[in-house]
Amino acid sequence: MDIEQYIKDIKIKFPKIIDAEVVNTKRLMIYIPKSSLLQIAEYLFKYLAYRYIIVTAMDSKEGYEIIYHFSDDSSGWIVNLNVMLDRDKPEIESLTPVVYGVEWIEREIMDLLGITFLNHPKPERFLFAEDWPEGKYPLRRDYVEEE
Amino acid sequence: MGKEIFYFLIFPGLLFSGIVGGFLSWFDRKITARVQFRQGPPLLQPLYDFIKLLTKETLIPKRGSQLTFLIAPILALFGAVISSVFVLLPLFGIKTGFLGDLIVIIYLLNIPSLSYMIGALASGNPLAAVGASREMKLILSYEVPFLLVLISIIIKSEMSIKLSEIIAFQTANGAFIGSISGVIGFIVVLMCIQAKLGLVPFDMAEGEGEICDGITIEFSGTTYALVTLAKYIMLFVLPALVVALFFAGMNFEGINILWSILKVVLVVLLVTLVRNTNPRVRIDQAMRFFWIWMNLLAVVSIILAILGL
Amino acid sequence: MINLQYLIFLPIGIGIVLFLIPEFLKQVKGVVNLLISIFTLYTSILVFKMSSGIINIECFKFPSISKYLIFNVDSLSKLIVLFIGIFGFLFALYSLSYITKEKAITGYYSYYLITLGSAFGAVFSDNLILFIIFWGILGLTLYMLIKGFDEESSSAAKKTFILIGASDSILILGIGILWKITGSMNMSEVHIATTGTLGIIAFLSLLVGSFTKAGAMPFHSWVPDYVKKAPASSSAYLPASLDKLLGIYFLIRICRDIFQLTDWATLMLLIIGSVTIIGAVMMALVQHNYKKLLGYHAVSQVGYMITGIALGSPLGIAAGMFHMINNALYKGGLFLTAGSVEKQTGKENLDELGGLSKMMPLTFFAALIFALSISGIPPFNGFFSKWMIYQGIIDFGNGTGLANKLWIVWLTLAVLGSALTLASFIKLITGIYLGRRNEKLEKVKEVSFLMWLPQIVIAIVCIGFGIFAAKFVIPYLIEPVTGKLNYVGIWQSQSVSILILVSVVVGFLIYLYGNMKNHRVSESFIGGEKLQEETNFSSLDFYQTIKNFKFLSFCYKKAEKKWFDIYEIFKKIILWLNHVFSDAHNGFLPRYVFWYIAGLLILLIILIF
Amino acid sequence: MGFKEKCFKKSLWVFHMSAGSCNNCDIEILDCLTPKFDIERFGMKLVGSIRHADVLLVTGIVTRKLLPRIKEVYDQAPKPIVVIAIGACACTGGMFKDSYTFKGPLDTVIPVDAYVPGCPPKPEAMLAGVVKFLNKK
Amino acid sequence: MGKKTLVPLGPYHPLLEEPEFFKLYCDGEIVKEVIWETGYNHRGIEKLCQSKTFEQVFYVVERICGICSTSHPFAYANAVESIPGVEIPERAKYIRSIVGELERVHSHLLWVGLAGHFLGYNTVFMWAWKYREPVLDMFEIITGNRNSYAMFTIGGVRRDISPEQAAQLLKVLDEVERKTTLLVGAVMDDPVIHARLKGVGILTAEDIHDFGAVGPTARASGVDIDVRRDDPYAAYDMIDWKVITANDGDVFAKAEVRLLEMYESISIIKQCLEALKKTEAGDIKVKVKEIPPGIGIGHAEAPRGEVFHFVKSDGGNSPVRHKIRAPSFTCIPTFRRSCVGGTISDAAIATAAVDPCYCCTERMSHVYDYTTGKHIMSAAELIKLSQEKTKNLKAKLKV
């Protein structure tokens, strides 16, 4: 996989891409705005038939960061889509209509980080017990243990 | 009446067949362990299990019919014991007026299964209900081949439906296992008693990995002790019935005692081996197996029996 | 012979008088009904003790009528009458509190009494014309005893009426041919073989009459529809008990007295019997409505009786008769329990019920006994009669005919039918009484004394008939009809019943010895999850696996489309014919004149030749 | 020691319950059944329903979601029942004791009769634990 | 009636080692819909791990799952070592591969046994687990523990394999290979097993892509993926081996893939042992002073499929964010396609067919930290602590 060419191509195809960089050996990170997530993900997952791996969400200094990991198994490259969310209004379109398998991890992120996924088919509690208090998200930096 | 009660409670009923059944259950477990390169339980294990269960606390399900739940194990025990009496009396050659014919025995042998079902359904547990429905479907499937084999036996013994006469006929003319139809019938009956005993591959009513012991899931303590005892007895009665039907019964003169015991042990051994070399099948597969293949074999056995083979 | 007149004409007369009493005095009517039925019960016992013989009742004024009033009091009719009397009384008792305002059918008690009288009349009549009159009245009252309040029930009533009516007309045809062959209208004087075209047609026509009344396949289809819609007391009264008694009574008359069965007739009867057993019970297995389920069983059990009677041996006929009596007992009882459940809960489907055993213990006890009886579980009465039938079949196998050679088939199907019956009753008992208790049904109460008493009485009779069958019941009731019986096998119901008691005692002793004192009530174990309310394996789903088999699912689909329903088949044919003949109508006079003349010509040709 | 107690000790039926474990202890419990260890020698066997159990082997930390379920299952068990905490997690909470879903250790939830520590304890250790407990009793 | 009945499977169910809850909505025996309730095993490691150093995280991820207790450290090592770009010594690479493949053998044998157990075929269960014992013993010899090995460290491995151990290992492998052949013959040719497993729980390649399923689950459906080949790590590009695939996608194909993979693993270990002789003993570790800021993404092929670790470092002592994706997380959801339409019995084995590991699925350790660490106890200390506590309790309870 000629990575220079690849980055060039994808930037032409999706002009909204903010940046794309090789972060490590065989790891590509593409920074995208949240509005173009569905298109790019569909392109990667459906057109290029990349394998969906997982979604990582974290509470970083700039805001809530969500990274969608896709794998190109023919070359061993892992392509990551990085979306930065506003800390005040953590909302993003759900990827479930495109990638069926995302449903669970999105629910988990909802539980752990309190990010809202719009149009999620089943936005219910996933991991936590029934008596877990509402509005407590253990992965947020401002989380404090109860008691 | 006293004689009947003696037959029922002491010999060859509750006490005797319970002890022998317990022994056979130990034998079954020991052979299983041996097949699996293990050592297996000690000889008195069935007794320990039984006594322990007797002394445990009994839990009664909240959302079911409690009296029915408690009576069901007793009826199961009754079914097992009464069929043991009717099978063993002719088998041991005890001459008495207290008898039942083959049709009666078929019906009595179903009483334990029926009682488990009613008990399971009375418990109100959904998994038990799944188990009970499977048990019922299993009865539907093995009933016909079992009956067909019995019919072939009836034909071979010249239309006699009394066990003692069938044994006498065999003693005079050679055991039925010696003929082709006998061998085929024996195979069918072996499968049927496997299903009747609820052992792998036909243990879907209890399917531990699927429905947590299914039909017996709610029995605990004393109730489960009775269920266990009924199972021990069934493990003796059914092989004994097979011995009576195919191996010319038992004979208690001199060295023949050894042979007589060996016959029962052999049937139990076969049952155990089948159990240990097969996975559990699905209920629809089991039904298809009995409805098509076993019935076919049984019909072949009947035809051969009519032809005198 | 005053008893006979009382038995037959008193109920009919009182029934007609009851029409005059206004409907709102329902309780008065009920009490009158009960009194009359007690009287008829008493009289029928008197009749049972009477000596047998042909009785011609003199009607003073009209000698021409008197010649038709010929009654045959023999051991068979006496037995049937005794049981009609018993059931008439028990169901009258039950009706008293069951038939309330919302269940009201106009003139319920009038029809009840007319039915009772006609049933006595039909059983005693020796003259075939008299017989067909009573028989016809029974068909009519059957129709009147269903409440036609909505479309479904009206269509069920219509279906019943048409099927019964059509079969009655075929019956009249048969009687006519019989008269043509023998020149006699009295049953006791007729005895011919089922040979020759006319003889066969007569035999078949009479069979159709008896089969439709009893509800054997393929004339069964009115039974399930009827019982689904009719009040339970009507269902218990007619399709479950009286119609069975009458239909099978007539079948015995046909097979034993009027005709002499040849080989093919036996074979045919056995095939019909077996098909009825299996076909109906397979349908029962997948029903959702418990009354309809019972209706299919009412059909299925007829198969056993037909099988027994077709065997022709004393043992077979005795078995058929005993099964008829037993069936009338437990099936009537089952309908009563179903009626009680329906009255107390208002639910008709199995999946809406569950766990009623706690709230309705007496009804549950009775229903359990009936269910075990009908499934042929020793030591109840159903087992004894089935056991007799099996023995009859094995004995029958010694014969030489084609039907005899196929004894294995009949035996296997009969036993399979019994297992399937057990399966569907497990479903019924679970669906209504056992299983998980439905929260909505917590407030359900046991039915009133007048309603549970008949159930319990019948249940105790079921147990008693099972235990003392060989010792008392068969010798006193059945053997006068058939002669002494020789059993092939052995079944000691009394000793075994005592042993059941012994084992229950021993069982409770074991419970006492064990840790039963420390029992504890706990939620059922479903893996620790707190979902007790939601988790429930509905009894409806029990036999889905069976339904999923390819061949069977094909049959069930066809059955759902009513392929096996003779009424629907004929309806379709007639509609099709209508369609064909509608072309003949164009509204012009010459065309009609032409048809008219053509018809006359054809008639003329037929008459000439 | 009466005969009844002897029977109880000779016929221990084991129900295995995981309270949020890492699978290691669970697998090692299953390992006890296998030819190398063969607990059936001592009359023990693994049962599928809590109603038949005499011994409750609990592994893992007690997670928040499982807490009510564990109590429920313990309540449904016929008494007397021996509860044995298997592994460091069940005994103390192990390295997960600071987790926000940790509600244990087990002995704060249900009464525990014996502890078999280790991460995971070897099958031999489990057998030794059970046997030692029974001998003391 | 259209009303479906709920048959509960779990949370405490003999089918499941871990607490898990399947709601099977059934029409008779036929499963119409499955709903999975989860989170029972969720232990939320991140709060507890706030103060773990990069080195200590190894022991945490090891306890994500007891069965794949090498795979997670493997992927974590790949991720962490990629941040500074450390090249570990060749000998360490081989040792890592040996441990990884040995684990695959034991895990697959374990699955075969459990599958037999679920099918009621206890003989297979006993046999498979009997043959698995020598493998566990080998682990004990090589690493010091039967299950949680603590073998890996940043920049290499912690223990060397001596020539004697290697010889012993070879002997055990020969034995296991022989016994496996026996087992494969017994399992693969049994008509009843065929009847029970073939055509059950079928997953198409499309389903696999939709869910992102990996490992034997994917390979059994003809999806030819294997991280060891696609993105080689450790010693996998230095030896000769092939990826096993099957096309049917049913439970039987999954069993077949697993059984055949065992042979491959054994062959890989043998080659590694051969290669070990050529490298210098003791050269098993390079020193890694600190982890610079950056993102490390590592994956490794566990017995159940690809394990994925995402590590973000800010140059401190601990990861800022550590995201773990266990293979089961994408494999388990496939029951939505594989169980529906089958019977309850099929559902039991179809869910077991992906070799689900609920611990892995729910662990989802999220490790992030800005502050540097306080002292964390090691596993050995934990054991000591628990023993002490037991002693105390015993004293208190006077037993």
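Here the chain labels run A, B, C, D and E in written order, and each chain numbers its own residues starting at 1.
Methods note: a residue touches a chain if its C-beta (ideal position, glycine included) is under 8 Å from a C-beta of that chain, and two chains touch if they have at least 3 such contacts.
These numbers were taken from a predicted model, which means no experiment stands behind them.
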{"item": "Chains touching both chain A and chain D, listed by label", "value": "E"}
{"item": "Chains touching both chain C and chain E, listed by label", "value": "B, D"}
{"item": "Maximum inter-chain contact count - chain pair", "value": "B-C"}
{"item": "Per-chain Cα centre nearest the global Cα centre, belonging to chain", "value": "B"}
{"item": "Identity of the chain that, by mean CA position, is farthest from chain A", "value": "C"}
{"item": "Distance between chain centroids, defined by C-alpha means - chain B, chain E (Å)", "value": "44"}
{"item": "Geometric centre distance via CA averages, chain D-chain C, whole Å", "value": "59"}
{"item": "Centroid distance [mean C-alpha coordinates] between chain C and chain B, Å", "value": "36"}
{"item": "Interchain centroid distance [CA atoms averaged], chain D/chain E, Å", "value": "24"}
{"item": "Multi-partner residues of chain B (at least 2 other chains)", "value": "36-38, 55-59, 126-127, 130, 208-209, 212, 217-218, 221, 283-284"}
{"item": "Interface hub residues of chain A, defined as touching at least two other chains", "value": "127-129, 138, 145"}
{"item": "Of all residues in chain C, the ones touching two or more other chains", "value": "518, 520, 522-523, 525-529, 535-537, 541-543, 545, 548"}
{"item": "Chains touching one another, given as label pairs in label order", "value": "A-D, A-E, B-C, B-D, B-E, C-D, C-E, D-E"}
{"item": "Complex contacts: residues of chain A adjacent to chain E", "value": "23-27, 29, 49, 51-54, 56, 58, 60, 67, 69, 71, 73-76, 78, 80, 99-101, 103-105, 108, 112, 125-129, 138-139, 143, 145"}
{"item": "In the complex with chain A, residue positions of chain D that touch it", "value": "63-65, 67, 100-101"}
{"item": "Sites on chain C touched by chain B in the complex", "value": "355, 357-358, 364, 368, 376-378, 383, 387, 390-391, 394, 397-398, 408, 411-412, 415-416, 419-420, 422-423, 426, 429-430, 433-437, 488-492, 495-496, 498-500, 502-504, 506-508, 510-511, 513-516, 518-527, 532, 535-537, 539, 541-543, 545-546, 548-549"}
{"item": "Residue ranges of chain E touching chain A (in the complex, touch as defined)", "value": "38-39, 42, 44, 46-47, 82-83, 85, 209-214, 225, 230-232, 294-297, 299, 306, 308, 310, 312, 320-321, 323, 325, 329-330, 333, 362, 364, 366, 368"}
{"item": "Chain C-facing residues of chain D, complex", "value": "49-51, 68-70, 72-73, 75-76, 78-79"}
